[in-house]
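To start, I am sharing the structure in question, which I have written as structure tokens.
As written, the chains take the letters A, B, C and D, and residue 1 is the first residue of each chain.
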Amino acid sequence: MFTSPILDYSLLAPILIILAGALIGVGVEAFARKEQRAPLQLGIALVSVVASFVQLLRVRNVRSLKAAIDSVAFDGATVFMQGSILVLAFFALLLIADRGNFVAQASAIPGSQDEHSSIAEGKSQTEVFPLTLFAISGMMLFAAATDLITLFVALEVLSLPLYLMAGLSRRRRLLSQEAALKYFLLGAYSSAFFLFGGAFLYGYSGSLSLTGIATAIDVNSGNDVFLLIGIVFLMVGLLFKIGAVPFHSWTPDVYQGAPTPITGFMAACTKIAALGAMLRIFYVALSADVVMWRPIVTVISIITMLVGAIAALSQRDVKRTLAFSSIAHAGFLLTGIIALNQSGLKASLFYLVAYGFATIGAFAVVTLVRDSAGEVSDMNRWVGLGKKSPLIAGAFCLFLLSFGGIPLTSGFIAKFSIFTAAYESGNTTVVVFGVLTSAIALFFYLRVIVMLFFTEPKSDAVTVSVPSLKVKLVLAASVIVTIVLGVYPSLLLNSAQSFASFLR
Amino acid sequence: MTTRTDLVYLIALPLFSSAFLLLLGRIADKWGHFFATAISASTFGIGLYEFFAMRSRSGDFRAATQRIFEWISVGTFKVDASLLLDQLSICFVLLITGVGTLIHIYSIAYMSHDRDRRRFFAYLNLFIAAMLLLVLGDSYLNLYVGWEGVGLASYLLIGFWNERPAYATAAKKAFVANRVGDVGLSLAIMIAFTQFGSVTFSGVKDAALHASSAALTALGAMLLLAAAGKSAQFPLQSWLGDAMAGPTPVSALIHAATMVTAGVYLITRSNFIFDASSTARLLVVIVGAITLLFGAIVGTAKDDIKKALAASTMSQIGYMILATGLGPVGYAFAIMHLLTHGFFKASMFLGAGSVMHGMNDEVNMRRYGGLGKVMPITAVTFGLGYLAIIGVPPFAGFYSKDKIIETAFNAGGARGILLGGAALLGAAITAFYMTRVVVLTFTGQKRWADGTHPHESPSLMLIPIILLSVGSVASGFLLNKGNALVHWLAPVVDASGAEGGAELFKPIVVSALALGVVVLGVLTAVLKYRGTVPVEAPAGSPLTRFARRDLGQDDFNHRVLVLPGRAITKSLVGMDFHFVDGIVRAVGWTLSYLSLSLKKVQNGYVRSYALLMTIGAIALLATIWLVTL
Amino acid sequence: MDISNYIYLSAILFVIGAIGVVVRRNAIVVFMCVELMLNAANLAFVTFSRINGDLGGQIASFFTMVVAACEVVVGLAIIVTMYRSRRSASVDDASLLQR
Amino acid sequence: MSLVTVLELTPLISAVLLYAIPKGNTKLIKQAAIALSVVALGISGLIAYRFDTNATGMQFVESHNWISNFGIKYAVGIDGLALVLILLTTILTPIVLLAGWNEAEGGRWSVRTFYVLMLILESSMIAVFAATDVFLFYVIFEAMLIPVYLLIGGYGRGERAAAAMKFLLYSLLGGLLMLAAVIGIYIISTNQIGGTFETAKLATLHIDSLTENCLFLGFFIAFAIKAPLWPFHTWLPGAAKSATPATSVLLLGVLDKVGTYGMIRFCITLFPHATKTFTPLIIVLSIISILYGAFLAIGQRDINGLIAFTSISHFGFIVLGIFSMTSQGLSGATLYMVNHGFSTAALFLVAGWMVARRNSSQIEDFGGLQRITPVMAWSFFIAGMSALALPGISSFVSEFLVLVGTFTRYPVAAIFGTTGIVLAALYVLITVQRSLHGPAAPGNEGISDLNLREKIAIAPVIALLVIMGFFPKPVLDWINPSSTATMQAAGYSDPLPKAGK
């Protein structure tokens, strides 16, 4: 008995287009001439992202569980998350394409003659584009996957390219490589947990699909110990990806070591994919067992917020600070899972977009602050930047204020809606802690702002390089989105509302 | 009761004159003092006119009111800015504007060398306006405005020469002590509103009939506190001596004749409260008796002529307060003494000013002596005032003080004997210290400092003194003639039917007794100060030293109020920084400590990260296990 | 033999792998330990497949093998570059990122 | 479009217009800013003129959907309470702009930025008083911190960055607690009447007492920080010492009134039962504030710090009046907000001029100013008299109303409060003596008196202080209906006189 699988290509097309782009990119890398590669790769990447997005728009109202047999759900949340991943990835690609962030030859030993000559030749690695596309496709799949195998595969597809990309920084090669190694080892470690958890869930329910697991929990068949181990280990894998405490330790190191555009991409898009998958798993598969996991997620959420906010206080490196900020945000985002209602889903979707844009914008600013040796992420040397370059520093402040949840920025509406959802579901503890943590978090955002604007600049030669058109685009988009979503959030809230649903 | 529309000018004239002179600045320097004096004189003119008009009207139509505008209206708390001119207030109007005008005239000469004379006259006019508001307001709240207004004027005038830190301090002290009294007045108004729903005199009077005695006692006590503050009564008297820092005309006008008697006015005005509460009355007489002795004793020890007179003022107001506490019969006598005191004390203060004027502003009586010959007019007028205050018939003080002593004895029982005795003793001491003042100043040898050339003052200063001493001679007789003042005030203080109380002594006996003790006091003083008087004050007995230090009042205040106050302030400042703000900083400190600890966990080693993850996973497992099983 | 023993075996393998990750210094060995954990999961999948009488678990194990292979490729690439620049494969040497 | 919206927009548009002027032409920028703020004053005057004192409820109402997913509206409207505070804002803004003519120089940023920030601040202050949607209120409540923060941090003196930071953190912490409460009440409304943020509708909710208490605290602490009430006050002295006079005036004179305004508008109206529960505690806190602020004012050596602590004391009176729940207390407290605005304005402006001339803010560095600079000294003296609530000057009426209102319900509290008037005399007179009296302190001889511009700026404030002392009726007529409405909402009525009726 063998029936050929029925695939709905129009619904899979967004992912497939990206994959195709990636494959073409690999081809280009192999066959095109060196000087043509960079523009070609960027073109291919952008075109495939745009094409994928267009295709997604065309099918945005279709709802189906049968896109790839039972493995991929094409529902509102999928559309929204895939769409946001694509949009953010578009801007991340622009950032990636900006000059000179990547190593000319990843294999060259840092400080060797090889490296010097490759830099002198002005070469730049272009494999990063197909890698990015692969990662994007993994992310899109991760947010849509409805069975454990697909989830695992998607997880690896999104992670493996990122491991590599983390090591591609042009400057500070050692740090970059170290980041890649750490990310890889810990990522693999967490994948093992994820997989092991998946196995036990399978053992509990006898089904690999999320709905199957949900049914099993409903009728309470199977061994509760398996369920418990399954949920916990699955959670470990997912919490690792979103950077929740105590599975967060990789975040600051990798954020700091990885090339800044990649950090931006990772921070914005991975979070969407990982949280998307997590939302789906908890909303679809585990919602019946909420009494079991809600306390624990609540505790993790609170600890994550606190650790993220508190640890950020004493950081001296901008990228590390942003990493801890992203950890704190992971804590806030978890409240969307705790809420376990439609508002929670809606709020999470909105939050992810708002946070994603601010993050990409913030990292775009980081790429601009340089000295003769490249990017400067030491915060002490950012002092007084507001005087040298008020617009860029102002934009950075705006993103920080948005992270901090100051009204009239997108971050505020995001926080407001996600807390509202948590409150609505009766989880007031997490709201109270969220609010208190926000206050702590604000302190370090404000500290940065003080450094930028209220401290006299030191004489050392940190400059804000004139942004290229690409970076300008990224910055402009981030600023506009941050403000518009802050002032008139209905634009996105309405669609988040209408797309906030999972098919079961 | 008649309704009027023009009473307000009585207050408005001096008020606007004051503002006018202040705002105009140096332009008005040349003529400002004449202008202010003219305004003051015209208010006196209006006052006189009102008085005669009132006298020509029959009983019920004598009092007049004017509603100027609605001032405050919130819920049931409605207070209009409105005035009440009745038999009681017209007495004060005349006193204030009359004595005020004389002192204006006096000041033209007295202040002629001061570069800020215009400002001085502006303050004087401000005082006149505020004091008139005080006595004309028809409600406690209106009175309060005038009450604080005179406090302000007093503050400004005491501190007129505020370049000298001591004078500025004296001004501040006066204001603060008055504020303590004001707490009483504020609370009294609050009690009145809470209990009676009204703060007008008539409203409170009507409602007081139904009030509980506790409320009335509390109200009375608070009014007494207010009176004590303004009228320098025990235990709030300490500011008055220091207030002599102000120019002497100010001492005469504000700190002798008018403002300090506002407490007497307040109690008299509130007679319906005190009539209804015997406890409140008891408090009043206690305060009055203590103060009259207190002031008298302090007066015996002061070498500063103005401070001696100030102590005397305190003591004399003690008499008035005592009288107001003696029940319905006492009010009229209190007011009578207030009026006569206004004349003789003002005359003596101006006389003292005249002496200082001639003596290069020397105030130490031990530096005087034999001045009677060089400034005869001053000496004679001062002497007339002296005779009035010690109560020699037929001078003014005799009539008024005698009545008070008499009434005190008539209070009945032990209380009567105690109070009467105190009043009598006070009279004796008064005679002693006033004689001391006169003897030290005008008789005996010259003890002048080198380079002083005493001379009689210019006539612009002497005329007011002469006019006032005429008052100190005649006013007592006039007011007492046929019980004129008692009958005049009867509608206000309602003494009818309250007559009685067993007469302890016949009036003539009281007069004789009083005269006797006065003669005793005079003789003692004459004997003591007849001979040589050392220029430097001798150490004196402990009692003398104690009296010189105002019977320890300032020390007491310093120890009990100032030092603890400073300690509280200091400790609160420390607490604010170390504790209240300290908590905030401690939170910040804790957070950064935590942050640094977290940094240690983030040590860069992959294996420890992995360990952390593993521990996390195990902890998750364990927790869920515990939660579910 | 009771089939649940396979589950125990799988758990033991997983724990051994986890301990290895935490205690071993050589990046390659650490990575091998991760592979061991993945295989423990595979064993669990297969066992559960057997217990539940469902083929899904077995299919899953195939997927896992493929993914693991990919992971090896990427992982070795990273470890080798690392080794080239530092002349050491000890994970403890890679600890510059900490401030 | 409602006139209120027009009024909100006027300063914003003015701020934009300033960008039409070349950056270097500072004089024109200043003149334009002042002229434009006078336009706003004119509009507010028109609103006051058209305001119907007999109508109950909100006037000049306007409402549009803003964030429909949450039922959030742009909803504005004013009652007497809001009207007087808006007038306070629009009157003070041109005055401080004129008074602070030279403040923008030497700041971190350009002169234009200073005026732009000032105008943005004005706009947001108007909007915060006019907002009838809790969410809108909250957003402006938080957003208005930014211009103040920049004004303190960018144009202040001394430890300006730290002071600005402390101010911001305190306010934001309070704001976040309030956010939690805002969310809470929204959820309750969702469950009961459909999600809304309209104050009037929210007031009809039935909330269980524990929740109500928590929500009340969320709002109250935010407002208590802003007000500032002991023990949430420690941000204020630093901010007052560092901010420029113009900023200080708007901060203490108007912005902090949002705290007490919020207590009336939200704490009491939305949570009447919790109000009852917490009233004793709040009364105690306000008494502590009154006395504590006064004592610390006495202990201050810095003139701006002194004004800050006197304000803490005065805010104690305002809160006391509000929670006395009598019409006298409430109206008195509202009137006090206005009066305190003018009184603080006078104090800060004159103190600012003194500090600028002497180049020191230590009180002991002044001395003998009355002789050297009579007009300045007199202005300061009158402002001081208003701070100690001298009858005849505006603060007296309000302070007395507060005390009377409190006394009718909580006599003991009123007695404690009344002792504050003695302390007020002390802190004002000690300062007056040290700075104005005595011999001229060394270094003061050459100080110049107020110039014409400064006189023009201070004159209206002093005139208002006096006029409102004698004739507060028009303002009380605006205020009284909203006080009555608040009391009704809280279920209180005035205690009746105990005797005579």
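The rule is short, and it goes like this: contacts are C-beta pairs under 8 Å (C-beta built on N, C-alpha and C of every residue); 3 or more make two chains touch, one makes a residue touch a chain.
Everything numeric here is computed off the predicted structure, so don't read it as measured data.
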Chain-chain pair with the highest tally of contacting C-beta pairs: B-D
Chain A-chain C separation of Cα centroids, rounded to whole Å: 25
Centroid spacing, where centroids are CA-atom means, of chain A and chain D in whole angstrom: 44
Centre-to-centre distance between chain B and chain A (centres being mean Cα positions), rounded to whole Å: 79
Where chain B and chain D are represented by their mean Cα positions, the distance between them in whole Å: 37
Touching two or more other chains - residues of chain D: none
Numbers and ranges of chain C residues touching at least 2 other chains: 18, 21, 30, 91, 94-99
Junction residues of chain B, two or more chains touched: 599, 602, 604, 606, 610
Overall pattern in which the protein chains touch one another (line/ring/star/complete/other): other
Full enumeration of touching chain pairs: A-B, A-C, A-D, B-C, B-D
Footprint of chain D on chain A - complex, ascending: 346, 406-408, 412-413, 416-417, 419-420, 423-424, 428, 431-432, 435-436, 438-439, 442-443, 446-447, 450, 453-455, 488-490, 493-494, 497
Complex contact set, residues of chain C against chain A: 7, 10, 14, 17-18, 21, 27, 30-31, 34, 37-38, 40-42, 44-45, 47-49, 51-54, 56-57, 59-60, 63-64, 67, 70-71, 74-75, 77-79, 81-82, 84-86, 91, 94-99
Residues of chain B defined as touching chain C within the complex: 599, 602-607, 610-611, 614
Contacting residues of chain A [partner chain B, same complex]: 181-182, 185-186, 189-190, 193, 224, 228-229, 231-233, 235-236, 240, 245-247, 249-250, 252-253, 291-293, 295-296, 299-300, 307, 310-315, 440, 443
Contact footprint of chain D on chain B as seen in their complex: 22, 25, 69-77, 81, 141, 144-145, 147-149, 152, 155, 159, 162-165, 168-169, 171-172, 175-176, 179-180, 182-183, 186-187, 189-191, 193-198, 206-212, 215, 565, 568-570, 572-573, 576, 580-581, 584
